[in-house]
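Next up: the structures, one after another.
Look at the two complexes coming up: chain A is in both, with chain B in one and chain C in the other.
The block that comes next holds the complex of A and B.
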């Protein structure tokens, strides 16, 4: 039994924590609508000019295009590579499976800055691959473990007897894979794709290290902007990015939720 | 006429792993239902996988209708399987599930529709064509799995513990339905189970397996009355099996009276005895329990430790000098209770003897 006072205190604590989390995000975003030239709180008046400004600034537009392209390609490749790898790991008696799974998790466990540095040395300095391709390879490595977690879970939850049933009815292994396994794991594959996309889109360190030359992803372009200028355009862009990411995470949760609820 | 034949099958799951099957020989006649009965880990499911082609034996052959099918992959054996989990395709309707094997055979759609209708009628599922597996009860799912396997008109039907996910109250009815269908189609069947009632109700013959070896293959009646080994005996309900200690043996014209402990007299018929006999057993329902000491052997003295009413019968556990013995008697005995000293006697012909 909890006293009334206890209940009130619990609720108050909850509200304080929520505000603590939300305020630092909401406050700078509100500046996006401020008429003032400076990044200052509270915002004055209401305008949408900073939003127009975002589209006028070429580095942001190019950065968004590059980030989206890299994220789409990296997630697509990582997810597609993942399906057969996870399939083999879940279905066959692979020696040292536990060790292999850990290795695939390494890009999550190693600090991103260390990984980025390592990839810079390996991809750019040793293999002499530069710019776009280097960036793409780096992003594939970064997102692979995230894609793997979802696809792997989807495949391990799928009863292998169902596949054997198709084979006993006359299907080849390949046909059973495409007609029976794939339709039943497509939610986890889609979920893996969306979460990889978000990881890649938001990755800063890897893009800073590998984006040698003139290729700047959106997060890098934003950093560069802050170094030179200090006006609410950045707030407007942040506002749009928050909406973008929230939409994606809503979609991914919906798909992963579907995959898990089977 | 032998239709399915397993010849000295040896199998294991990894190259250096232990053998799961150690020389399995089975003959199943055309139209016969053979049950593989055994505890978990005895190799019965592996045997099924060898017949289906999912496990390749390291040694031995599988023959169907005299033809060696060992090198043929599972998708070209034309064997119907009902899996323990039913393994229905979750993204397909009942119709699509049942039609799947026929579609693969490139049958014209009108014929597929006719065939699906026919097998769904046979298993009593007409009208559920457009339902998805998750919308069906366990019993209905089992029937879809059966219909899907029957649709391809398989040479052989394999069933892997199909009753384990079914409510016990429904099991008996589903077993007779299943047996009715299999017999009507005269289909050669191998039925894997760890449940004795399952095997006894469904099978024409039962193969009892233990540690990758077949202990005995016989009709349910013969298994019940003449189990060959102690393990088989225990599996078919001979709850009382003991090692024989030939101490204080007295010989009469046609009997041997063994008296290993005070007031324990085991009488063995001489014509059943051979040199290698090591164990004896007796069914719980063949023991007679009484407070009065019988006039002459065989009898075994003991004390009641458990009395349980089970409906038609009551179950007593009696502690004796050679171990606990289980007695089943028709219910209604009121004068024997826990703690009472009792005497267990039996008909000498009911004693079972085993060499292992």
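The block that comes next holds the complex of A and C.
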């Protein structure tokens, strides 16, 4: 059906794109085991010392702890705040719907770099909120739209008549929600939680601005490390992070896939 | 009082219907207070806004950064356009399983930590990196050429980051074109190129506008990738904002830069939504 030339050109474009997109992800992995001190390609020999280095470098260990804590809390709060919102927006006739939907567009509309600085002025400088809470608030805002997208999609795919049947059989709305709706959307909620976790865990700008003092998340610690020096420690850390990311995105894909397949 | 009971019941039912709506309120308050509040506090913090605006706009570092940001955003938009159309069209013709695998592979850069990605480009483009050692071994160059900390490096990194968005918007727009439409064009004798040019491209224009908006606004506000690959001498607007906050400690000017970034992004998205509505 396709002409040969068109096919060749399109295949060439696909190969260029895959190389362009995936090569920079593979490169750090390739020199994670290299014995050479400098960041140079091709790798020489085999060693695990860079992996030991990661755990000996305190900023990375502390950064990982902080990033995980913030990401867990932010995704949990964003998902919990969002479930009733998505439920109501998909089920009820809400007054001022257009205005309300605009509010939920705000976190996407305002660029992260602008939001980060604005929050620094508003909550750290003017409201004197501590760094940890400020960081948490910032992360909740940036993950909120991602949590919402997944939960909303899950609820839109769930047939409301099943729930109405439960209500007409005498269950209260609340009981119908917990016994009928929640079990049916739990995959999308879990998917929303995992993708929010990833977004928060990888966020740089927001943590850079709001983490005043000695509060560094892992990405910020990595950024500081790269500015100071270059050695394959960061390759070893990258290696672990890529595995971490692949595992989480596989899980989230599985849950969202399940929820979407309904 | 027999007539009282139904009214009470009615009110009770009405209340129970309205009550769940209140569950939206915590989210609305949270997002409005912190987002709108912080944007308003930008204005308050500047004080005399027109003076601060004139001061920053007349500075050479700002003008250079603004033009550089726009230039990079437009070049990346161009590259992603040229690559995403054929790739999306090609993936569209694949079977379901292959298409899912392609989507996952192309989406991967978005999920990966931005520092890991930037660091990957450093290994490729650095002084002793892959490209330089390859060119040296082949004898094409005598000594390493400067690739890292240039605009070219920034364009490479940003294209990697924003191609997936362009691809997904185009592909979902193309997936919405019914198979019958494309089949009809083929059976009426159109070749692949004609089908692409006269059927697929016009029918996926909304997806394209959506994708290009994400690319342009995303590139103009990205921070990590340009910082790692451009270095301080190639500051974009976001990097300049961070510099004014952390290095120059001139927060009033930083407020103005933040407002200018916000205005630019809002104008681009508004223009895009007008174009989409007109179609």
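Here, the second predicted complex is superposed on the first by the 244 of 262 C-alpha atoms of A that agree within 3 Å, B and C clash if a C-alpha of one lies under 4 Å from a C-alpha of the other, contacts with A are read in each partner's own complex, and residues count from 1 in each chain.
As a working rule, contacts are C-beta pairs under 8 Å (C-beta built on N, C-alpha and C of every residue); 3 or more make two chains touch, one makes a residue touch a chain.
Computed from a prediction, not measured in an experiment: that's the story for all the values here.
Within the superposed three-chain model, A:81 lies in touch with chain C and out of touch with chain B [touch as defined at top].
Judged by the touch definition given at the top, the superposed model places A:20 against chain C, while chain B stays out of reach.
By the document's definition of touching, of the two partners only chain C reaches A:115; chain B does not.
In the superposed model, A:39 makes contact with chain C only, not with chain B.
Residue by residue along chain A, chain B and chain C are tallied for touches, and C comes out ahead.
In the superposed model, A:180 lies in contact with chain B only, and not with chain C.
Applying the stated contact rule after C-alpha superposition, one finds that A:166 touches chain B and leaves chain C untouched. Chain A uses residues 173 to touch chain B in one structure and chain C in the other.
Every residue of chain A that touches chain C in the complex is listed here, in rising order: 1-3, 6-7, 9-11, 13-14, 16-18, 20-28, 31, 38-42, 81-82, 84-85, 87-89, 92, 94-95, 100, 103-104, 106-107, 109-115, 117-123, 125-126, 137, 140-141, 144, 173, 198, 201-202, 204-205, 208-209, 219, 222-223, 226, 230, 234-235, 238, 241-242, 245, 249, 253. If you check the complex, the residues on chain A that touch chain B are 93, 159, 161-162, 164-173, 175, 180, 183-184, 262.
On the side of chain C, the complex with chain A involves touching residues 16, 20-21, 23-24, 26-28, 30-32, 34-39, 41-42, 45, 83, 86-87, 89-91, 93, 102, 104-106, 108-109, 111-124, 126, 128-130, 133, 156-157, 159-160, 163-164, 167, 186, 191-193, 196, 217, 220-221, 223-224, 227-228, 238, 241-242, 245, 251, 254-255, 258, 261-262, 265-266, 269. Within the complex, the chain B residues that touch chain A are 13-14, 52, 54, 74-81, 83-85, 87-91, 100-101, 104-105, 145, 148-149, 152.
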